[in-house]
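Chain lettering (A, B, C and D) follows the sequence in which the chains are written, and residue indices restart at 1 in each chain.
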Amino acid sequence: MTSFDTITPLLEKQAIELPSWAFGNSGTRFKVFTTPGTPRTPEEKIADAAKVHEFTALAPKVALHIPWDLVDDFSALRTYAEDHGVALGTINSNTFQDEDYKFGSLTHSNPVIRQKAIDHHFACIDVMHATGSQDLKIWLADGSNYPGQQDIRGRQDRLADSLQQIYARLGEEQRLVLEYKFFEPAFYHTDVPDWGTSYAQVAQLGDQALVCLDTGHHAPGTNIEFIVAQLLRLGKLGSFDFNSRFYADDDLIVGAADPFQLFRILYEVVRGGGLDDDSPVAFMLDQCHNVEDKIPGQIRSVLNVQEMTARALLVDRDALTTAQEAGDVLGANGILMDAFYTDVRGPLAAWRESRGLPADPFGAYLASGYQQQIAEERVGGTQASWGA
Amino acid sequence: MTSFDTITPLLEKQAIELPSWAFGNSGTRFKVFTTPGTPRTPEEKIADAAKVHEFTALAPKVALHIPWDLVDDFSALRTYAEDHGVALGTINSNTFQDEDYKFGSLTHSNPVIRQKAIDHHFACIDVMHATGSQDLKIWLADGSNYPGQQDIRGRQDRLADSLQQIYARLGEEQRLVLEYKFFEPAFYHTDVPDWGTSYAQVAQLGDQALVCLDTGHHAPGTNIEFIVAQLLRLGKLGSFDFNSRFYADDDLIVGAADPFQLFRILYEVVRGGGLDDDSPVAFMLDQCHNVEDKIPGQIRSVLNVQEMTARALLVDRDALTTAQEAGDVLGANGILMDAFYTDVRGPLAAWRESRGLPADPFGAYLASGYQQQIAEERVGGTQASWGA
Amino acid sequence: MTSFDTITPLLEKQAIELPSWAFGNSGTRFKVFTTPGTPRTPEEKIADAAKVHEFTALAPKVALHIPWDLVDDFSALRTYAEDHGVALGTINSNTFQDEDYKFGSLTHSNPVIRQKAIDHHFACIDVMHATGSQDLKIWLADGSNYPGQQDIRGRQDRLADSLQQIYARLGEEQRLVLEYKFFEPAFYHTDVPDWGTSYAQVAQLGDQALVCLDTGHHAPGTNIEFIVAQLLRLGKLGSFDFNSRFYADDDLIVGAADPFQLFRILYEVVRGGGLDDDSPVAFMLDQCHNVEDKIPGQIRSVLNVQEMTARALLVDRDALTTAQEAGDVLGANGILMDAFYTDVRGPLAAWRESRGLPADPFGAYLASGYQQQIAEERVGGTQASWGA
Amino acid sequence: MTSFDTITPLLEKQAIELPSWAFGNSGTRFKVFTTPGTPRTPEEKIADAAKVHEFTALAPKVALHIPWDLVDDFSALRTYAEDHGVALGTINSNTFQDEDYKFGSLTHSNPVIRQKAIDHHFACIDVMHATGSQDLKIWLADGSNYPGQQDIRGRQDRLADSLQQIYARLGEEQRLVLEYKFFEPAFYHTDVPDWGTSYAQVAQLGDQALVCLDTGHHAPGTNIEFIVAQLLRLGKLGSFDFNSRFYADDDLIVGAADPFQLFRILYEVVRGGGLDDDSPVAFMLDQCHNVEDKIPGQIRSVLNVQEMTARALLVDRDALTTAQEAGDVLGANGILMDAFYTDVRGPLAAWRESRGLPADPFGAYLASGYQQQIAEERVGGTQASWGA
């Protein structure tokens, strides 16, 4: 197996972007539970995200969601973030919370509503110029609930046209990443339901358009690491939205539901060059902390990604290739499993300490008193949630 | 095939209970869209439900949800309903919208919270006495999101104890029906996830405890009609919650996603005696009209059940038995399909007219002006939704 | 709704290719049941397929599987088929029954085995020249059972190279269709698991390479009609392999498991121009008659496709568009359902008779005595199956 | 976390029964690949199974499959096994490979065929008396492929009657375990599809009838550890058939597809008393080594179970209970994960050596030369497979 020392340079470069909305309240259609200390403003979300980076050195960027994080002065927000040691990252558009979008946004048959949705993305691009963000991430709730309700084919054509217009607005250093999702909130058809659709759409646009892979957005049983390998091969894997799931888009902590799957995904990332310096892949979380504390939930998440990346990097790839080519089924599988079963937590703790970080970021955060502090200070106002 | 005339006496007795909450707003975690005319009070919900019955003669009862339909005087509400031509039906408890129930209700490890949940069911039984309701329906959101978060086994034991206490409070004519659900809102384990659990629990309680089968609450690929046949055989099918789904618990209009499945379910109901006079089976809708109009959505739903019941009754059961016993695979399947492919809409329309009902209840409702009337009249106040 | 008379010209042109192997024995890993009269030779399979066409006028072509249908003289086989009123159709390659292919064929890391697999396809192209076949259909069992067993990414690169070599051999009028499959016989990763992979691969090859969509080869819950619409839009839907399923690749009679899904698929075919004169879409069955009689099973299958095509053509598309654009959810859905619930069997029977065909092809076949005849005549020899 | 030393007494008692058929060839409906050295007789299978026990001390029993392992003198076979250091275990009946059972066995509507199936189980009980086996395991392929093909309800009633007759034949120390399976080889309905059905049937029989849980026989997404907890609670978990799966009943090496799931299952076994001295739970493998070597595959399998049992035993249950009752979601989850992520391979290797076993049983077997020896010696004859 590869030695731990040889992998730390790669681990040192690892960066996982945090979603601002993970620090607000989220829940299910049945109930949104609240917690003391939940941020009320974009600034408080950024402050919380910065805490995750402070304890882990893994999360140097914070993604924003428009309009949830709408502020008057995005340059000021950028400065605020930088003062807290983080940068502003991906801008996420939102066309699913306006009555106008009940039957679609970029796919809508009504040209007025469709233009409104396009204009929203133009506005997001303006924000990106102010924040210095690289990526415009588009996830669409567009779809329908009943067969016949909408014209699947026509919507796909309109989607292509809308994306073309948005793409044309991108600055030279900016990118568009199109996220797909199997279902929800639409329950019959979704307009970008799978990687094939996202790929076919972005391939038409150009080099600055790529696919965003959310690990919770697939049909049951889907081999996600295959898609990772395929998109890397096609040069079109733009970003990850990490989370985990047992059933649908559960948005649980990444690695919580199936740690071995996360390992396999990260192994294909390594195998396909996704950690190389010139890799186009951006890593990000997209989770909902419905019942667990939010900041510790984010810390656990980035640590899970770090630990699994370490395991993936430990795979003895030469030995693996030899076993694969020899048709040694159990031998090859054993080489992979050897890395997976290796307990990297000790070496990672020691390495963290050597860098001036807490050996146990999760425990250190809990002991820091920050959670108690924000619970006491953040009184009054409206806690942030998906609605605001 | 059986002649249409022979089945009308059974169709005439058909009754499908409506859920009061179907007339309020519902949606997804992403957005709840509103519609003009949505009820603001339990009375307005009942008035809307009564409209469905007026046009179809299929929906003589309205189920209530506590606390969503909490009123000071349930006797008065009962009179109000009767004045509108309907009766009050099943009482649905709710232990999923209180901060106390974040980690469970009837399964909670904290005896204070568990007692609170038990007491809520006692209160529901009190309501039943006032409303004349037969069934207390228990659906629990109880579960957990992460492995280890809760003690699966201990919760099951506590559930058994809680149900025992509630069961002991039932009046002689009252029943407890325990609904199971595969997942949501819990994303790792659910305390009553399948019919086996519901059956094992109610079998311990006694004859007045039965299983409620919600057609949207199963794992992908589950053969629901098998469960129907099995529960009828075991004498434990208490009630249906009808709806349909493509993915998860989509709560679409019954019959909309897979009409053939609805047919097969209703065929097993017929086969197993579920339409007989002494049948314990109560039929009910449980749906969310997220994007479609609510009253027309309920009308379409009860008509779908009626049409599929007619098809199921048309099956030539003698011929089917002969083909089955002869091992005539295609012949037996063909006899079933013959009934399914029969267009019963014409005969049903004629039969409705002969009973003084509109031939086309859906069209007649749209033409009645009621929708416009309530849109105009119901101004101000707070539209009913899952939250109230 | 569209009138029946206006759709018969389109129905008249309908052609559904039959797979020769459907007339041989097939089964599961547990057991292959046999039936009297099962063909022992390619000629007998063709004779049986010709019977299906004789009674239905729907099945003018027979697809062959190499090596299962290997004969010394394919020109003679072609003449044999033509004498029986049918033509030879798609050539299906087979790289899954040779010990050499245990770990792959077109994806194999061993260049000798990979070349053997490529050469097999060259041989299939030679057959196509002799039989006059248009399509070379490639379905690969390639994949692996254990994580790490094989190099997913390298296999994809080798697949691209292999396909390139095969594509280069095609004659001007010939096409390559690449079929995808979710899983089986490989249980961890499959090299062409989804439409996205098939599309990405054939898009690299050129205009004569297209995707084959087998209706049983998707993850649970997949919206297949969406893929149909998308591939038609991209100009890459080459052919269908029709069958149906409740669970995995069950290979049941098309329309048997979910007739409404078949209707929706065929509606998108109509909507996307898949029945137009210049459409590239070839329609074919690919089924296993494990427990039912084979010839009647094929007759039932083509009739199912015909009946559902009729229903799809009956949809009032103008009214549907109007309702869709108005956001009339229930109205639009109702227009689609109106066509689905229409019983087209009577009009189709009358139309068949007007063309000199039996009104009830299924019954007419059973009454013809052919089944008894072949059961008596085909004694001795080895019944055809997947193995031969 | 619990110390390793405290768990070795429990590990020492661990016994995992091996299936004789795992040493024969198996495959898919597409192809059965063969390997040199595959046993030709029940004796050779037992000899191979004994090797697994020799290197691991984990597999003291071999399960037999009737008629695959039919011999003239089972007492002699018992002696043969004992001479090789193993005992004969569970007797598995087989009613799925006879033409008579095409449409069912214990559920068949034809009383002659049903009696034949019952008689087969009587014969199995006779074998059990000769072999000293405790368990008669019944897995039925019974089901149907098309709606209407069979009478679901009637079959269930006949199943109950058949089981009653078989149960009545059991000796005092014998047990009947009824295995359920979601689907395959039947593709529409299966007569024992879920744990609920198996439980309801065995609960009617008596204390000597229990449920067999095969880890590969569930719907996608099913929480298997919940079923384990529930059946242990109900006192009805008789045995496990261990294997793993990504899709359907893939029959892969246990722990290979989702090691974390195996951990959770074994944790609930521990939690529910399944490892206690008086536990009724028998542990067994049921796998198909389609592409990997069989004896090493079985060694890897029992080691996977051993390693995961060790991890499950390491969970600090007191700390876990405290965190669970405090509603500390991340803390409780973290306690469980701490045990899962612990690398137990080193301590297990040392402990094995202390018992006179090879530290690395897998490597030791490969180095032993046995595989080469049987490959050379077992020439001629017919390799064992599911057919014989």
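Here is the rule we use: a contact is a pair of C-beta atoms (placed from the backbone, for glycine too) under 8 Å apart; a residue touches a chain by one contact, two chains touch by 3 or more.
A quick map from chain label to UniProt name: A, B, C, D = L-rhamnose isomerase / sugar isomerase.
Predicted model only: the values in this text are computed from it and were never measured.
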In terms of touching chains, how many steps apart are chain A and chain D, taking the shortest path?
1
Pair joined by the larger number of C-beta contacts - B-D, A-B:
B-D
Would you mind pulling out the distance in Å between where the CA atoms of chain B average out and where those of chain D do?
39
Using Cα averages as centroids, what's the distance between chain A and chain B in whole Å?
38
Using the touch definition from the top, which residues of chain A touch two or more other chains?
102-103, 144-147, 149, 182-183, 188, 220-221, 223, 246-247, 256, 260, 291-292, 329-330, 333-334
Which stretch or stretches of chain A touch chain C in the complex?
102-103, 109-110, 144-153, 156-157, 182-183, 188-190, 193-197, 199-200, 218-223, 225-227, 229-230, 232-234, 260, 264, 268, 271-272, 320-321, 324-325, 327, 329-330, 332-337
Over in the complex, which chain C residues touch chain D? Could you list them?
26-31, 33-34, 96-97, 99, 102-103, 141, 144-147, 149, 182-185, 187-188, 220, 245-248, 250, 252-253, 256-257, 290-292, 386
Spell out the part of chain A that touches chain D in their complex, as residue ranges.
220-221, 223, 246-247, 256, 258-261, 291-293, 296-297, 300, 307, 329-330, 333-334, 340-343, 345, 362
